[in-house]
Amino acid sequence: MTQIGNIEFKGKSYTTLHINVSSNVATVSLDNAPVNALSGKMMKELQQLLKDLSEDSLIKVIVFDSKNADFFIAHVDINILNEKDILEELANEAAEGLNIFQNLGEVLRNQPQITIVKLKGIARGGGAEFVAAADMSFASLEKGKISQCEALMGIIPGGGATQYLSSKMPRGRVLEIILGSDLFDAETAERYGWINRAVKDSEIDKFVSRLAENIASLPEGVMHTLKAVLPPERFTSGFKTEDDGWAKLAFAAKAGDIMSLAMQNGAQTIDGELRIEELLRRLV
Amino acid sequence: MTQIGNIEFKGKSYTTLHINVSSNVATVSLDNAPVNALSGKMMKELQQLLKDLSEDSLIKVIVFDSKNADFFIAHVDINILNEKDILEELANEAAEGLNIFQNLGEVLRNQPQITIVKLKGIARGGGAEFVAAADMSFASLEKGKISQCEALMGIIPGGGATQYLSSKMPRGRVLEIILGSDLFDAETAERYGWINRAVKDSEIDKFVSRLAENIASLPEGVMHTLKAVLPPERFTSGFKTEDDGWAKLAFAAKAGDIMSLAMQNGAQTIDGELRIEELLRRLV
Amino acid sequence: MTQIGNIEFKGKSYTTLHINVSSNVATVSLDNAPVNALSGKMMKELQQLLKDLSEDSLIKVIVFDSKNADFFIAHVDINILNEKDILEELANEAAEGLNIFQNLGEVLRNQPQITIVKLKGIARGGGAEFVAAADMSFASLEKGKISQCEALMGIIPGGGATQYLSSKMPRGRVLEIILGSDLFDAETAERYGWINRAVKDSEIDKFVSRLAENIASLPEGVMHTLKAVLPPERFTSGFKTEDDGWAKLAFAAKAGDIMSLAMQNGAQTIDGELRIEELLRRLV
């Protein structure tokens, strides 16, 4: 699965993403072994790629999947604070009023193409926020799982989840997802409105390819006109409130202690991440 | 099924509607062979009937069904531009800021009675918008199908669907419905919030009759008070944006070409309409 | 099940509530035989208890269940107007712009703790509004039932249901629930977004206990921060409109006649309340 060397695309070099373009559909496969943690580098590469794709009018649809059979995105890399230079670049690129995590979601939400997540493994935390920010999301009925488990790390989601989830489902379900911090199966996620739909694992590749190609084949102007008529909801004050709440907890000693303990106990290893909720609950 | 001659109701003559009143419930059966296309004439008759019913305080509930086993409403009649005189009348009757298709939906949404669609066949395009504009909708689990397939004709929905669907479900599902342009079965439509509920075909007649009669039998004042407390959401700016987007595409050459080709290839025949999505996709 | 004498909690005396505190979770069990009617006394005790719990920072989660196997809350006590002194106290305690029923829901919605309803029997009318006002609600798949059946009594819901339901589901489903006035099973209630989830009766105790304890065990600050970031929606004008509509009907002769007839025909007895919708429909 891992690549020898870097991927080149439109003159830029990528180490965490594979890009394939066919029939006006770009497929972006996330690849950051061992668990696809959302590192600063992956965030930067995603934003770079989305910017370059936004200028390519031949590409109508972007599908995101994963090279890792178990994980779509584990969550934000717990070691992200070590990537100082990249964090500074991300902060400089972030739109006014958004932290770097919210900014990634908003770049995705404002993409001129239709963006689709195909979720065949686990998406947690910042990875679940990426799923929620995409225009559409389809999960493998058997293997797709999703969780906002930040509460177990002593924080609340800080990359848009409080706002994105509130636009998709009643408040009681948002509270349950975030405070319950459980890993949801795809069927329950569909019933809650979290994803578009759960699709049998044996059919999801064909389902998403067909949908992406059908949208990419629509008569000129239809997709862009609809996106203009139905722009993503603006969450200006909600993002501010979310960031205030998140930052207060994220930079407190408690959260740092939990993250350190988590790393010592198996976080960001495949075994640890397959059941990170249990691992974190034992630490509290 | 077809009537010999016209139907008379409250001194007006109808050729596309059958009207039956019983126990304070009016049942309106759509009948415009071969596929129940929503012609200008049917639109005009629906608006006339809704106006006359709005002045009849004995009627509490209006149920809409179809005389056609396969189709509730195929979609707006592709030949509607030929009905010049009727279109002019519809335009004159339309409320400020609404195109004629949006106006039909808004007349329905502002009806003083409770309006219920019983969907036992296919509703597409303007027919699906009629379903979405009704106060409630119940579909046969086995036979009810619904689609906003306008995108395949080179346009976006222009009769309210962008606003109605957005008030019922998360944006990602609206984008999927409109850009995916697939025919949804009743069970999936229920899960998406598009309709109230899918009901077994063997039970739906009884289910809807019982509900309609129960509502019609409520103590005086209850239904009207609730409708006043829960008025339909206003979409003033959304309708404007939708109409702008729709008109730009609808009056471009591309859409006209697709409609002509579609008519040459079986649109508005029973066989063609049973699988119009496939038919249109082959034309692109 | 019934207590000999009163329950004491934090120096106050309760006759309709049992209170148990364990692991930072308070469990409040409703007990007002024979059918858990929501009397003025129960309303007053609930508000007193919620106030005292709001000042106890050790308690993080409040779970509401019932001592009555068949009923969570039957509905507002039909004889409530006889409790003149208590009604006056409730009116004095109500926040500006809220009637006493809306006020109870808003006290619950503004509780600093996470509030969870475990619904193993029937909740109707004001009881269903209590369920909808809680932060989360889980119902027994086999035994949980819920209904806004006020319409059958000649009124509309007046304790918040028009607003709470509208924030959880499309308008068409709200209209169906209130005007159809049917008793919903837990599975349909989940599909409509009325409750968080239906859980097998054999698993619901464990499910709710685990969730409550997990939330109560979260690192300090997480739960309160999230509640501050996601405050309950304000319904100021909606509550006014609801109360106007409700009061107009509730104080008319018709509603009083129905309530009297209902009492003569079995309302507020166990047998009558198990099928109160049928009983009321026969009276109309």
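Going in written order, the chains are labelled A, B and C, and every chain counts its residues from 1.
As a working rule, a contact is a pair of C-beta atoms (placed from the backbone, for glycine too) under 8 Å apart; a residue touches a chain by one contact, two chains touch by 3 or more.
Computed from a prediction, not measured in an experiment: that's the story for all the values here.
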Checklist outcome for this item: Chains in contact with subunit A and also with subunit B, listed by label, are C
Item to check | Equivalent interface positions on subunit A and subunit C, same or different at half | outcome: different
Checklist entry - How big is the gap, in whole Å, between where the Cα atoms of subunit A centre and where those of subunit C centre? => result 37
Checklist outcome for this item: Residues of subunit C that touch two or more other chains sit at 169, 191, 193
Checklist entry - Considering the complex alone, what residue numbers of subunit B touch subunit C? => result 114, 134-137, 167-169, 190-191, 193, 196-197, 211, 214-215, 217-223, 225-230, 232-233
Item to check | Interface residues, subunit B side, partner subunit A - complex | outcome: 151-156, 162, 166, 169-176, 178-181, 188, 191, 193, 241-242, 244-245, 248-249, 252, 254-255, 258, 281, 284
